[in-house]
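What follows is a set of structures for review.
Below are two complexes that have chain A in common, paired first with chain B and then with chain C.
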Partner chain A sequence: MAAGLQVVFGVQKIFNLACGSFYALGAYAGVSAVGWYASAGGPPALFVVPLALAGLAVGAVGVVVERGLLRFVYDRDETFQLLLTFAVVLMMEDAIRMIWGTSPRSTSGLYLTYGQLQLLGATVPVYNLIVIAASLVIALAIGWLLTRTAFGRIMRAAADNREMAEALGVDMRRVYAKVFTLGTALGTLGGALVIPATAAMSEMGIELIVEAFAVVVIGGLGSMRGAFVGALAVGVLRSIAISVYPELEMLLIYLIVIVVLVLRPRGLFGGAAA
Partner chain B sequence: MTLLDQDHQPSRRQFLTLVGAGVGAAAARLGAGPAFAQGGAPVKIGVLAIRAGIAAPVGAAGLRATEWWAERVNKAGGILGRPVQLVVEEESNPKDTVERYRKLVLQDQVEVVLGGISTGVTLALGPVAEDLGTPWLSWDGTTQKGVEETMPNPKWAFKSVDNEVEAIVAGILTPKYFKGIKTVAGIGNDYSYGHDCWESYQAVLKRYLPDVKFVLELFPKLGVTDFTSHIAAIQQSKADLLMCSFWSGDATIIMKQAAAVGLFKTMKGVFTTAGGVHDSLKKEFTPEGLLLGYNTMYFDDPKGSALLKQFVREYKAKHNEYPPYECDHAYFNAESYKAAVEKAAGAAKRWPEKAQVVKALEGIEIESLSGRRSWREDHVQMCSFYQGMTTHKNSYDFVTISPVEVVSTRQAMKPAGAKLFDWISGWKI
Partner chain C sequence: MLTLADLDVFIHTSHILRRVSLEVGAREVVCLVGRNGSGKTTTLRTIMGSLRPAAGRVEFRGKPIHGRRTHEIARLGLGWAPEDSGIFPDLTVAENIEIATWTRPGGRPAAERIDLAYSVFPVLHRYRARKGPEMSGGERKMLSIARTLALDPEMLLLDEPFEGLAPAIIPAVSAGVAAITKLGRAILIAESNIHHVPEYTTRLYVIERGEIVFGGPPDDAWRDATVTRIIGGAPRPTPPSRSPLQ
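On to the complex of A and B.
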């Protein structure tokens, strides 16, 4: 999800609060897809397939939001973007509640389908390892997309200098729609992949958005490497805080943000990309 | 949704004018109070329900039960012949909710306001209700700051059971079901409810097991969806038992993530409030043998009344969920108001003044969904708490409890005017 935020911010200079809702949407779609899959008698071992497909499929919402709403505010002040995307957050929360109801939804026991491993004296569900592997694959795929493909070059060009890219004949509307959809799909896929380990709640998006922004700020706005390192740093430091000094847990993420902003105002990897 | 519809404003105003004229005429003709002449006009009941955020499912449950009640009452001829009309407003933050409360009383001119869940909000509503002089019956909110009562002698405000009662009940039941417990870890949400429950639970358990050690306490923020690090810390603490006061989706999540690392294979568990999301506690990841609290209504109570069974059946049919406890807080509020109006009306069946209704509410006892409930003289709800050991032996895909322990607020809630911790240390055990 942080990756999605980065793609969108980097290219379009949009603060997309709605990425939290996309995450929630992906989670709910994942729960439903797995539910159908299970009732249709699909083998449990392959449940990640419908899960990931559902996550990617609802990413299509991105096109609708971008073409239907966001394109009207590109040239306006950032406050409009914040307001608009926050409005999307509230609407999606209600839409989710109307479609899926108010109770938390979960995928029952699928989390443990792949069993557990003993790793350095701790029990680790294999599914967690699959998610870690999946996020590595996603990170590599985005890296490849950005640096090795024509579309990636256009995206980077658009991020660097929009007018110049347009002058050179790039259709920015299409680029924007594609980029936003890509960002959305990253969010929804993230939501779908994480859902077997947790439960879908209609307000889960809002909770995550603060954290994702902190990660992005730590890593440097618009930097993919930054998002990856930022997420890792926050995750690891938080775990350490909980086992060493639990009171510090909530404070910690903001402390890191402050330290990073004071020492490197553009974030860890913010230099060139932002 | 139609209940929120404000589009009928003009016609309603005309209607009220007509009613007003009718009242005047009737009063002049019969020399009776205004109440008599109003017979047949709808009685407006304000409802405050949380509709967004973490407590939205709780708000929805309260509202659904209130609507179910209103339908039943209207089918049976209303209250003293007047049909019930609900005016629903949203409970959100204290400031906005207070404004909506004023609107309900001053603009919509409701006879009574029902609802209020978050104690942060109801603490602010209490004094406003006293000012405005209209009865207010709170579903689940108290006027406690922490565990201390701030409004010991209210006139118009009627409050829910004290927040910490379910933790006290769990503290009473823990030594009965988990013999030989020496070390306890605790996890709760980082706000008043989480901290108060943990403090009360510790105080009660100490009374029964003076040597028990509390080895770890964790307070993640409300709304967190990943507890893997917390669970790792709990495992490291090697406590004999985990006490958890989560009540929303986080209860489901911690259960699932705990199952993934086999936490409850070695540790006992007490979930004081997770019954609030009981039908999401699936058997696949919720073990048997945990102590689970359903607050004040247990949908599957084998000793449940015909009324409870009918409610559960119709709730399931309409909403495809099994009702949580908030339903009965809401049902009791509404039904006790009706009973108080009828009691105050007396044999003459005259619609009573608001102050008479409030007097009639004090000490009234009625049949609610979960059983008998009453209002204590100082306006606090009296009822029973349902907790028990989780079991997979049922026809659902989620856990239920057996045996069911029923503990009355008479035993587990501090008496009017008492200080919580003094009261607990004064118990004879």
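On to the complex of A and C.
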């Protein structure tokens, strides 16, 4: 999800609060897909397939949000973008409540289908390892897309100098639509993949956006490497805090954010110049 | 090839261009000369569709293009090299040039277009793997013009191609521009320094406070009192390749 945020911000310079909602949407879609899949009698071992497909499929809302709303505020102040995406957050939250109800949803027992593993003295569900592997694959795929393909290079060029890219014949509307959809799909896929380990709640969008922004602030806006390191830092610190002194959990993250903001305002891997 | 007719352009509420008209014929090299802030860059950006004229027409190869979107104008065959070069710092020299063949596919094969770009500024070959921030101002200008050429345009718009360059590098840039004129592409150059006006200029326009005050052959310009007053002192129409620069 932080990856999605980075891609979208890096190219479009849009502060997309709605990515938390996309994450929640992906989670709910994942729960439903797995539910249908189980009731249709599919083999439990393959439940990640419908899960991931559902996550990717609802990424299509990105097209709707981008074409229907965001394109009107590209040239306006960031405040408009924040307000608009926040409105999307609230609408999506209600839409999720309407469709899936208010009680938390989960994929129940499927989480442990793949069993557990003893690792360094701790019991780790194999599914968690699958998710970690999947995020690595996604990170590598994005890296490849950005540096090795023509579309990725055009994206990076457009991120740097929009007017110049257009003057070379780049249709920015199409680039924006593609990038935003890609970012959305990364968010919804992330939501769907993580859901077996937790439960889907309608508030998870807002909760997650805070964490994702912490990741982005720590790592530096627009840097994929930063997103990866930031996510790792936040994840590790949270689990340490939970096992040592649970009350400190969220506080610790914000403390780190504050320290990073004071000492390295651009984040650990942020660009050197504006 | 390119016709501007009675263009009025506003930026916010300021009236920047006033009834600007100019003409660039096929294979012509036209210089638009004026001081900083006189409206040269605004004229070029209006041609590229970054700014919309409040009144007037822009026609390219007989078709109106004002009101069309920038990328459509570029794909019609107008290449723009901006004053700040507009190099993508994240991409290497080779990628910067190549990108023009991805964004405007069709026409000549990509390899041929890339070869052409390097042939105009052979020195770029040496920097293929370098990125924008590792290059000097002159190298960036060359890369910017080479990239525009890789777009395979019918006409190039060069915004101050010699501005702010070290005197030693100006001959190389000038030779590249001259090579492009020999390829039969039309060129419109915006220039603030009269000493930079190339000797092969076929037509010269002088712009002052958003108005065209002179248009005609360069030799007539030097005899025009208004022109000499605006561009300052006695003009020396020496080619940039030989003139020492201030």
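Convention: the second predicted complex is superposed on the first by the 268 of 274 C-alpha atoms of A that agree within 3 Å, B and C clash if a C-alpha of one lies under 4 Å from a C-alpha of the other, contacts with A are read in each partner's own complex, and residues count from 1 in each chain.
By our rule, a contact is a pair of C-beta atoms (placed from the backbone, for glycine too) under 8 Å apart; a residue touches a chain by one contact, two chains touch by 3 or more.
All figures in this text were calculated on a predicted structure; none of them were measured in a lab.
Colleague: After the superposition on A, what does A:Leu84 contact: first (chain B), second (chain C), both or neither?
Modeller: neither
Colleague: Contact-wise, after the overlay, does A:Val215 reach chain B, chain C, both or neither (first, second, both, neither)?
Modeller: neither
Colleague: In the superposed arrangement, which partner chain does A:Ile154 touch: chain B (first), chain C (second), both, or neither?
Modeller: Touch partner of A:Ile154: chain C, not chain B.
Colleague: After lining up the shared chain so the two structures overlap, which partner does A:Ala197 touch, if you call chain B first and chain C second: first, second, both or neither?
Modeller: first
Colleague: Counting touched residues of chain A, say whether chain B or chain C comes out ahead.
Modeller: Counting residues of chain A touched by each partner, the higher count goes to B.
Colleague: With both complexes overlaid on chain A, does A:Leu25 touch chain B (first), chain C (second), both or neither?
Modeller: Touch partners of A:Leu25: none, neither chain B nor chain C.
Colleague: Scan A:Thr123 for contacts with chain B and chain C and give back first, second, both or neither.
Modeller: A:Thr123 contacts chain B only, not chain C.
Colleague: Residues of chain A that sit at the chain B interface in one complex and at the chain C interface in the other, please.
Modeller: After superposing on chain A, no chain A residue contacts both chain B and chain C.
Colleague: Under the definition above, what is the set of chain C residues touching chain A in their complex?
Modeller: 48, 50, 69-71, 74-75, 79-80, 82, 86, 88-91, 95, 98-100, 102-104, 147, 151
Colleague: Touching residues of chain B toward chain A in the complex: what are they?
Modeller: Against chain A, chain B makes touches at 52-54, 56-57, 60, 190, 216-221, 223-226, 228-230, 232-233, 235-236, 248-249, 252-253, 256-257, 259-262, 277, 279-280, 282, 284-285, 319-321, 397.
Colleague: If we count contacts the way the header does, which residues on chain A are in touch with chain C in the complex?
Modeller: 150, 153-154, 156-157, 159-161, 163-172
Colleague: State the interface residues of chain A toward chain B in the complex, per the touch definition above.
Modeller: Listed in rising order, the residues are 90, 93-94, 97, 101-106, 108-109, 111-112, 116, 122-125, 127-128, 197-199, 201-204, 206-208, 238-239, 242-243, 246-247, 249-250.
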